[in-house]
Structure formats: C-alpha cells, structure tokens
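Here come two complexes built around subunit A, the first alongside subunit B, the second alongside subunit C.
== the complex of A and B ==
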C-alpha cells in the first residue's frame, strides 16, 4: 500500500491549477485526499500528476449572497459543520454533516472533493441535489455552471470534464423545512440509504415538497411523483405513508455487500416516512 | 521434582490494580515495534499475491521487475522450493491429511493472496512498483468455496487433500437417539459463524539479519511464539539453532493471528542469508486482510434434548470447519471446530454427547487461531438453543441455566468429552448475572419498548474456559504436543530480582503482572523486580496463546523462586539462629515465622550470599539464580458469563448493543484492572464477530471485503457501557490460585449477542442463525416471516 510514483504541484492560483491540469492529461486535482489517496495506496488509481488545490485561498472561501450562499470547494467538512451560515441557511446540510465520516476525516475531507468524487453513499451530493445547488466549474475553456440534476451521473461519475475544477456550489436559500435520515452500518460510514425531505406547510396543507433519495441508486434520485402527491394534502400518517411508498417505487436500486436492492427500497420507504413524520410533528 | 509442582506464593501485590509499567513507553509512542527496526543496509520486500483462488502457474517472467530501480533480487516459487520445500503441517492423528504450504507457490495456487513471487528492493515502494512488472500466466482451476458441498464434490481445493477432508472425527459417540426420542423438547439449529480476521492494530512483520562473519541469524518478529519460530526456522531452513536469535519487539496486538509460523517469516530469513543484508517485511493492511490467518468459520448443526423440567438430556453436534487451503502451523484447522466440539457441553451437566467434526479444505486463506478459537462458535450455538428451550418451556433464561449448570456437589465432574472439572462458580455466575441485569425489570422494559416499535433482546451466555493451556489441555484437545515454559529468577546482590521469561507480550501487561508474581514470591516490593523478556536468548516459552501466560508465569517464576528462596533461607537461618523451615519472607524482610522482630532485610541476606562466605552454611550453593519449568498437572478451568442487551430497529433492521455485562471467575486475579481490560477488549471483538465483521468470498474465491471500508470492525461508537463483576474460585493447580482469562470474553460474548438478537426477534418467531446479524440478514429473516409489511408488534 505505497503510492506509485507521481509528480506533485501546489499552485496558489486557480488559473495556474487549470493550466497544470491541462498540461498533463493524466493529472488529477487533490483536495483533502481522503478518497483519492487511499485509492492510490491501493493502486486502484495511479495519476501521473497531482495538482493540490490546498493553497488556492479562493477555493476555501464561502460567501453569503442575497438569495443564496456559495460554498467553496475546498471548505472542509469540519469547517462547514462549524459554519454558522450553513447552520442558519441550510439546516439540512448541517444535519447531514453529522453523518459524514469521523472528525479526523472531516478535518481533511472537503465539500468539493466529496461532490467531485460522487460516491453513491456520500451525503453532500444528496444535500446539494435536494437544495437545487448549482455547480460552479472552471476550466481551460472558461467557466460554466450546471444544476445538480445534470451533474451527478452515477457512482463516481459526474459531468466534470478532464482538466476542469469544481470551484464551489451556489445553493439558493430554501423556505422549506428540511429533515434528513440515514442508515449506515456504523456511525460515520457511507450511507446504505438516506433521504432528504423538504416541505412547506400553509393552512395545514403541504404547499411545496422536495423529496430526494441517496444511496439507493447510483446517484441522488428525486421522488417527483410523491412530491406532487403531497401538494395540497395534510401531512397525516396515512398521507405520509403513501408518499413514502411512492417515493421508492420504480427506482432501480443498487445492490452491494451491505444491502440488497430490495432492502434498500424498503429502507428508502422507511427513512422517507420518518423524515416526513419529523416534519409533520416538528420533531427535528 | 515434577514440572507441575505448585510453589508457594503469598498474594500481596497480586490482587492489586497497579498501573502497567509498560504504559509510559506505549502511550508516548516511544516503544519500538517491528516497523521501528531499521538497520544499516536494510532491504524491503513486497510479495506478489495470487489474484485467483485456484490455478496452476504456467509461466512467470520476472525480468522486467528485476530491471526496475532499486531492485536487488526477485524470486519465484521455483527459487524458494529449491531451498525449502515449504511448511509441512501435520498432526499425529489417524486420517489427518498433511499439507505442505510452499513459501511461494511454484505450481499449484490454492487461494487468493497466496504468495507467487517476492521482490527485494531498497524501499517498499520500489518493491511494489516492481511487482507490477511481473508477468504471470495462470491456468485457472475449479474453485472450491463451500465447505459443505466440498466434501462430496468432485473438485479438490488442494491436490494434496483427498476428498477435501483434512480430518474427520467422531471422538465422542454416546448413543443419543433414545434421549432425543424420549425428550419432551428438542431444539436444534444450523449455526454459521463468519470467517473473520483478528485485525490487530499492528499487522504482521519480520526482520532478519544474517551476519556472515559470525554465521548468526538475528530475527525480529511481531510474534506471540518466538521460541517456536526459532526452532521452526532451524528445522525448515536447516539453520544451526545455536546461532539463531528471535527478538520480539513491542507487539501491537496478536489475538492468535501472530501465533503461527508464517511463510513470509521463513522467506525473509532465506533472503537475508542469500543477500547477506538485513531484510524487512512489514505487512500492509490489505495483505493482512487477504493473507494473515483467518478465523472462526464453522457450521454447527446442533441439537439439544430437554425434559419437561428444562433439564438437558443430550447434545448432538456436527461441526464443519471451513479450513482454507493449507494447514496452519502449529494449530491446523483442528483448532477451530474440532477443539470446539470437545467443550460443547462444558458448564452444564449433559450426560450424553454425540460429536462429529469435519475439517474441510477450501480455496481460501488458511484458518488459524483467534482469541477464543474453536470455542466461540459451539458456545454460540449451545447458548442460543438453551434460550430457545427456555422460551418454549416458559422458563427464564437464568432459571433454565440454574437447573443445568454443574454445581458444587458435582465436583469433580467429568464431561462426556473427558475433561475433569474440579471447581468453578457456575451457579453463582448465573445468579450474579441475573442480579446485574435486573431480569424482571428488563422484561417489563422489553414489553414497554415493543409498544413503541422498539425490539429489545437479552442474551446470556455461561462459559468455561480452558486456560493456561499446557500439555494436558493440548492432549485433551487432540494435540499430541508438549507445552511447558521456563523462567530464570535471580536475586541480585542488593536484593533486587531479575526474572527472565519466555513469555512475550502483545499488549496484555505481562511485564507488570509477572513482576507482581515475582514480588510476592519473595515478599518484596514490586518495584524491586525487573522482567526480561523478548529474546530467545532468554528463557523458553511455548508462546503467549490460549490464556496461558498468567498460569505459566506463576508456575515457572514460583518454582524458580522457590529454589532461590531455599538458599536464602539457609543463609538467614544461620544468621538468625533458627532452622530453615522457620524462615519466612514478607514485606521486604527475611524473618523467623511469627516473629518479625527476629529478622533482617531481604537485601542483607542476598548480600551475605554473594559477599560473606562466613555466613554460608556448609556445602552451600551460593547461586541465587535458578531456572525452572512449569506445566500444570491438569486443565486449569476458568469460568464466567456474559449478558448483552440489544435493540433492533424493526424497520431498518439494524441491531445495536445497548448494554453489556460480564461475570468473570479467573481464580485469584493478579491485577483486576488488567483483567477488566481483557474483558472489555474481548467483548468488543465479540460484538464485531456477531454484528459487523465478515470476510466475504464470492463463488470464485475472491475476497469482496478487502479493506476496512467493507470489513467492519466495531468502533468505540458501537460498543456500549460494560459492567463487570468478579468471582474468585482459586485454582488448586497453580501458585497463588491463579487462572487464565485472556480469551473468555471472545468465547462467550458472541453467544450473548447472538442470544440477544434472537430474543429480540422471538416475538415474531424469527430466528437468526447466521452471523454477523447484519441489517441485510435481519431484513431477509423478517421478510421471510412476512413481518415487515404488517409492522404491527405483538405484545
């Protein structure tokens, strides 16, 4: 478990980093290294060149805008977990961060790294998808943005082009209430199944709903049918049960060492019901 | 004098929780482990490991690897076999199939991870780079992964093992049919324990340095069995044993995994001899998961016949051990199912036992020892069945055990497998556990929780532990081996004591507990004792395995000290004008019995023996140094019990441990704090084995749980509070009344966790017999019982 040989650069500007990445097509950005370095030690990945993003100050910064917040790609999970702005504006994210790894890993692992890595069991891709985040990319041919729904394509697969860097995610403020539920084998493990549920309730009925499932399929999935069903309905136990059942219907679930597809679908229903129940009862 | 003679030791430091003297070094990172051994000119190796589970090497080309930067040497199996045919592992038992495990495969490959070639380079990284350049062409052969079907299957896992049967035994064949036919109740099940890896924090490692000028071979090994390793190097490599030293640095946990002769160890020796330079092998975590001895995979098909009053009539067990492709040395797969079945009835009066054991070869890593080896699986099966019987008869799990445990009036009690139980506190253990758990309250709480959709379960396990395993115990377990230790005790001129022992430590606190024993043997302060260990130049030891070091430490140090004490008494008798028999040693004094006023400091007597001939009696032998061996005259049996409460989330199928309890009776405790540390660690491992850990092989023999992301060790967040209570029934076979206890928690915690899971699900008539009880397995069991859809809880 020793790294294969590679060269290493630690630029201080984004432009420099992009240039370095494009100089060598076998190069990879290095963020917190919590996923990439183990893969290299196991020799599953062997990039010739690592471009460390750690010294690019701009990538670490997060800014609160009038209607949204831009979170820097290089903000660590620990920074985000301690961020008052995130706690205020995105309680969903604050909740989900409790489930990301352990303190030592959160101290190094980054928001952007997690999103770029796109593990199907990772929390941040689900959060960003649920909150309609817009992914900010920068590369040789300039900047571009992508909605989360187009960004996450599969387990370890995203729309990032070779040579591109994810600089951050802009997340609009949400006026919904949010709940998060997850099951993993041990506290801090990647999720077997997780859900993010957001609702607004007006005059006793649901006026807005956003239901997302993570870990079930190879990328975050939106339960559109269940969302539609909730609109105009009161969040009674029966309605919740029906919506939860609908949310998992028809999903092509993945199956691995820890959970079969059937089990994942059953978990999706359970976790969605629990999340909606939390929202209905205010028991967050 | 007999090697089982019991010296007199008067407990004083024994029984106190003094801090561990080795901790300052361990806790501040100053202790030196195998990876800290850095020698001038040292080379590093990396081993190419087989990607297929069964095959034949057609062709192997190492030229490109040889040409890589920093590479000194590349060897294949052909290079090795010319120098050493491999590790032959046999047992003198009729029908036992011998295997020879090559140090590197040269023809047949029998499991994923088996070594194929080795690169020696200036750094481990360079060696790994070179591995990628080795070109191997392997013809794949049919793979045998399931021990059950392997027995009748046409395919062989290892061409040397006919019918894949390493050993088949029907050692105890009491007629049980009648008991089962007439029993009011029969409970039975097919219990599968997982294949696991002990996963010590420090992986395996070995450094060898051959000095051609002196023809000496010095080795450093992260091992539990240095004396054994030394002799095996001498035998397998035909190396003169007097020129060999095996040094044991600080060892970061062993748990049995480091109690084997590993092929890599011989390989490193050969490479150092070949190159005339020190060679180091530090195993990485992935190698450890693939190749370090794996453990515990048994199927117990067990049945228990019970009468109307809940009394056990007969036990039938057929155990199949998934043994892997080669026999480990020295244990062989018999250490799992076969050893286990011989204690299957243990803490209970069961008058008929029918026990059949099969050790079956498969294309997996060889199975070996891991804490509680052999015993965890049958204990789990038996205790879960006992709970089941209790439920069917409407008895409490404590009551049914009370009715069956071996009691005071039964001692000495001979089990059907032939073990003599002389003493124990089985009944007290049941009572104590019941009080700790608060049984009635628990059942009420369980009822309440069910109303909220939470499933609580209580599991109990009562065990006995064959500790201090010496020759008698090994013979009982069908190992025709001899196992004794020696220690040398020397009283220095200033009255300080130096003990050299063959006992090595892998974190259990031996430097502290052995010093406590030696201090009490001489009646001096523990600070005055030094323990020298960790080199085969010291005393001889069988190894730190099988909960034996407390017993052998007390036995050897006690006997050697007695010899030295006799000489000191003779000097003191002269000085104090008394007879030798009247002289006692206590509180740093040597004095006339019942008259501490007529005495002198211990150091003064030592000084007199060294420096004042005038004080010597006639024909005095002034050597205040003696070496003695010890081997207990029979099996030293410890006992105790565990209780575990789990909570299962009915919908997510997740089981979590809420609380754990232990009752331990290891005779007189040397250091209660250390005893409790052993219990806590073992209980955590027990939770791992029953809820989390599993090495999963697919049907091609590929290990799918190949990193700690998928092989799930329990973390501190998975282990709840542990409450511990002690009973003390002294052993009559060991000085000070000491017994061993290192394995107890891992023998019986798995049973208690398994019982708790089953208790939680019993309200649905759902049973879990395959472990770990992962959410997936609980989901499947509940789905099959159509519980999940309804999701209404019975009261």
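== the complex of A and C ==
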C-alpha cells in the first residue's frame, strides 16, 4: 500500500534532529527506511512525522579506537560489509552481514536502524550482543551509554527513550575466534534461528567462550551454562554436542508462522553444534 | 533545513537518466511513484510496495536500491538511473538483447528491476560466476521464468562483454542494429 500521510524533515545536525523528535511525540527517526517504511506501507506504523537522519554526516562515520571500534548508526550494511576494519576486527559481523537481506536493501538499510528496530530475526542485534557492544544514545538530557545486554528488551522493543537517537555502537576488539550460523527460509529473509559462537583455545582446551542465540526468543539470549561447561574442556565432538544441547535448554522460544517453538529450539541446538564444530576444526 | 507538512509538496532536484529534473511531491509519495507520476518513467514497476519483490529496483548514486522504500523527497541531489537509460532509451541494450535471445522474460513486470540489479552487478563485477548472479538475483522475484533463463541471459552477456573486452556501458546499443 501507499504510505499513510506524514510530515517530513531532513535536519543536517544531530541537535536539530533531537529537537524535532522532542517537538512532536509522534515523530520517528528515519534511518535507511528498509524496516520502518514497509511497516508504514503495511499500516503497522503510522508516525505523524519522520525525521530523516540521512543528511547528518557525523552519524555515518566509523572510527577505529585503540581497543575498540565505534560504528556509526547510519553506516549502511553495504558500507560495513565492504569495510576492511570490520572484516579485520569483527569477522563475526562480516560473516553475519552475508545474511542481511539483499544487495538493494543493504545499500539503504543501516546498522543503527537495524539495532534500534530490534527485530528478533535481525542479525545485527545478535552480533552487537555477542561482541559486548556499548550502545551510544543521544537525547535532550544528554548522552548516555548502555550495554547491549540491557538494550534489547524484546521483539521491536529497546531501551531507547522517546526523543532519543541511537548514534552508534562502540564494540571492543575480541581475541576470540568466532563463527556464525543461520537458518532462514530464503536467502536474505530474517532468521528463523541463528547463533554466534566465540571461543579461545589455549593448550588444547577452551579458555574463553561466548555463545549467543538469536531469533529463538524475542531478543538475543546468552547461553551462560553452556559457556561455563566449555571452559577447561577440549572441543571434541562429544563436548560440542553436550554444549549445543545445553545452550538451547530452558529458553522460552517463540512460535510463529515460520516455525514452532520446538523447531526453533531444535534448530538452535543444531546451529550451535555446527558453529562450534567450525571453530574446533578451523573450517571457517 | 528541508521540511514539509503532510499536505505540503516539497521541491526536489535530481539528475535522472543524465538530465537534471525538478519535481514537487508530498512527503508520503515513494520514489517509485514520484518517478512514474511526476516524470512519466513508467519503466519503474511498482509491485509489492514493501521491499520484498524487487520489481521497483533502480540505481541511485550507482547503487541498486528499492525505489518503493525511498521517498520521492529523499531523491534531492541524487543521481538516478532507471531502465529508460539503458541503450540510450532508443535501441535495446546488449543486455536487453541477451534477455530477448534467452526468453528471460514473459510478462516483463519484474524485468526492469532485474535489469537494474544485473547492471549494478556487471558494473562492479564484469565476469560474475553463475552462483554470484544467482546470489544478487535472490532479491528479485519473477513468477514466470523460473530464473534459469535470466541467469543464462546475464551469463551470456557477460561472456560476450568479456570476449570483446568491454566494460558495462549503459548507453551501448544506441548505434547498434
């Protein structure tokens, strides 16, 4: 359908954008528009005003810092997929970007937009959670930061307050090796289930582990029990099978037209086993 | 700051198919509808209108995008190419000729979006593999052909271009035939 009527503003500075968002409580920031505009076409959303962030150059910039990288909210998926810094520092993100939508959507869709939208089947919220990213928010009462673990609260639900803008994410460099696995119905679709697995192996045994599941529940879930189990163990097929089983245990999975809760949990176990097997065999 | 109320038209200046064009649209009008209704570029097809089918794909600042998921007002200052720019708009471009040879279209509704997708691929990667072609085409839905002939046509065009050592030229075909 055609979009419902709305007023439009295209500010060139962050301060102007924040002011506009605070002037009208029914205004929404427009990033790449690859999720919000379809929702408007489908009448799931009908904001009175769109504040286009496309002309705020500062939001597009990414910077490499000594121990981390700050990725601009308005960097497109295509820019990030072509970024040497991201490929070098965050191979997990580079792998996950292959699964994000299609080329034409990646050219407009943004990193920050995907995170602020927080669709349970989107890849960037999982990546940012797995890598312990810190979300940078700016609003009328000033700047604040939030760890990813407190930011994602549910399907389409985040800790962003009305009138605030996500300006970027600071992601610390990780010394773990990472693998990403996803299942979706067609290439480019949102994930039915996906996993991000990171491990460090020292003297043949696992010294650090981070296991995250996405698409299963309404927000990224960390498999703490399975992580603890892996520490001090060699990544043998039996250990991997046990950890993969543990990672999905106890999760309240969602059920929708694409997959039942049981199927999602079964996929989570399988994908986690594949990801850990990749890491154990080095076949990334 | 550029700004308009919901019932207020906004002026847009964009380079469309090599010419500077000016038009005025309401904020709610998609770029696809703006190009069709304001500039008469009916080669831009409007299919699903929510970014799934790929029929409305055009090239904005050298990148393929969904014109149904961009607003007309966002075209200001952009350089836009639609299917009308292929072959100078007079003759079929060699890529279109390859589509014709391979029966890569039946009803033709998805074709302009697929040509834009293929054009963007070939400009970046003049000799793609079959898998690479299939990968980029995964964002375009065609209900007639089953895709095989579309992939055949793009591969055939790429092989000819490679044999002649020519880069993708959107204006090619103008003087042909």
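One rule holds in what follows: the second predicted complex is superposed on the first by the 284 of 284 C-alpha atoms of A that agree within 3 Å, B and C clash if a C-alpha of one lies under 4 Å from a C-alpha of the other, contacts with A are read in each partner's own complex, and residues count from 1 in each chain.
Just so we're on the same page, a residue touches a chain if its C-beta (ideal position, glycine included) is under 8 Å from a C-beta of that chain, and two chains touch if they have at least 3 such contacts.
The structure displayed is predicted, hence computed values, not measured ones.
J.: With both complexes superposed on chain A, which partner does A:42 reach: first (subunit B), second (subunit C), both or neither?
T.: both
J.: Quick check for you: in the superposed arrangement, does A:3 touch first (subunit B), second (subunit C), both or neither?
T.: Both partners, subunit B and subunit C.
J.: For A:172, is the partner it touches subunit B (first), subunit C (second), both, or none of the two (neither)?
T.: Neither partner.
J.: Between subunit C and subunit B, which one touches more residues of subunit A when both complexes sit on the common chain A?
T.: The partner with more contacted residues on subunit A is C.
J.: A:103 contacts which: subunit B (first), subunit C (second), both, neither?
T.: Once the two structures are laid over each other on A, A:103 reaches subunit C alone.
J.: Taking the superposition on A as described, I'd like to know which of subunit B and subunit C A:139 touches: first, second, both or neither.
T.: neither
J.: Answer with first, second, both or neither: which of subunit B and subunit C does A:266 touch in the superposed model?
T.: first
J.: Regarding the shared-chain residue A:186, is it in contact with subunit B (first), subunit C (second), both, or neither?
T.: both
J.: Determine, under the contact definition given at the top, whether A:257 touches first (subunit B), second (subunit C), both, or neither.
T.: first
J.: With the two complexes superposed on chain A, say which partner A:11 touches: subunit B (first), subunit C (second), both, or neither.
T.: second
J.: So which bits of subunit A does subunit B touch that subunit C touches too?
T.: 1-5, 38, 42, 186-188
J.: For a test of understanding, state which residues of subunit C touch subunit A in their complex under the given definition.
T.: 1-8, 10, 26-30, 33, 49-52, 54, 57, 63-66, 68-71, 73-74, 117, 120, 135-136, 138-139
J.: Would you pull the subunit A residues touching subunit B in the complex into a rising list?
T.: 1-5, 38, 42-43, 183, 185-190, 192, 257-260, 262-263, 266-267, 270-271
J.: Would you pull the subunit B residues touching subunit A in the complex into a rising list?
T.: 123-125, 128-129, 132, 284-286, 651-654, 692, 696, 704-705, 707, 709-710, 712, 714-715, 717-718, 774-776, 779-780, 783, 788
J.: Quick one: which bits of subunit A touch subunit C in the complex? Just the residue numbers, please.
T.: Per the stated touch rule, the residues are 1-12, 16, 33-34, 37-38, 41-42, 48, 50, 52, 54, 78, 101-105, 107-108, 186-188.
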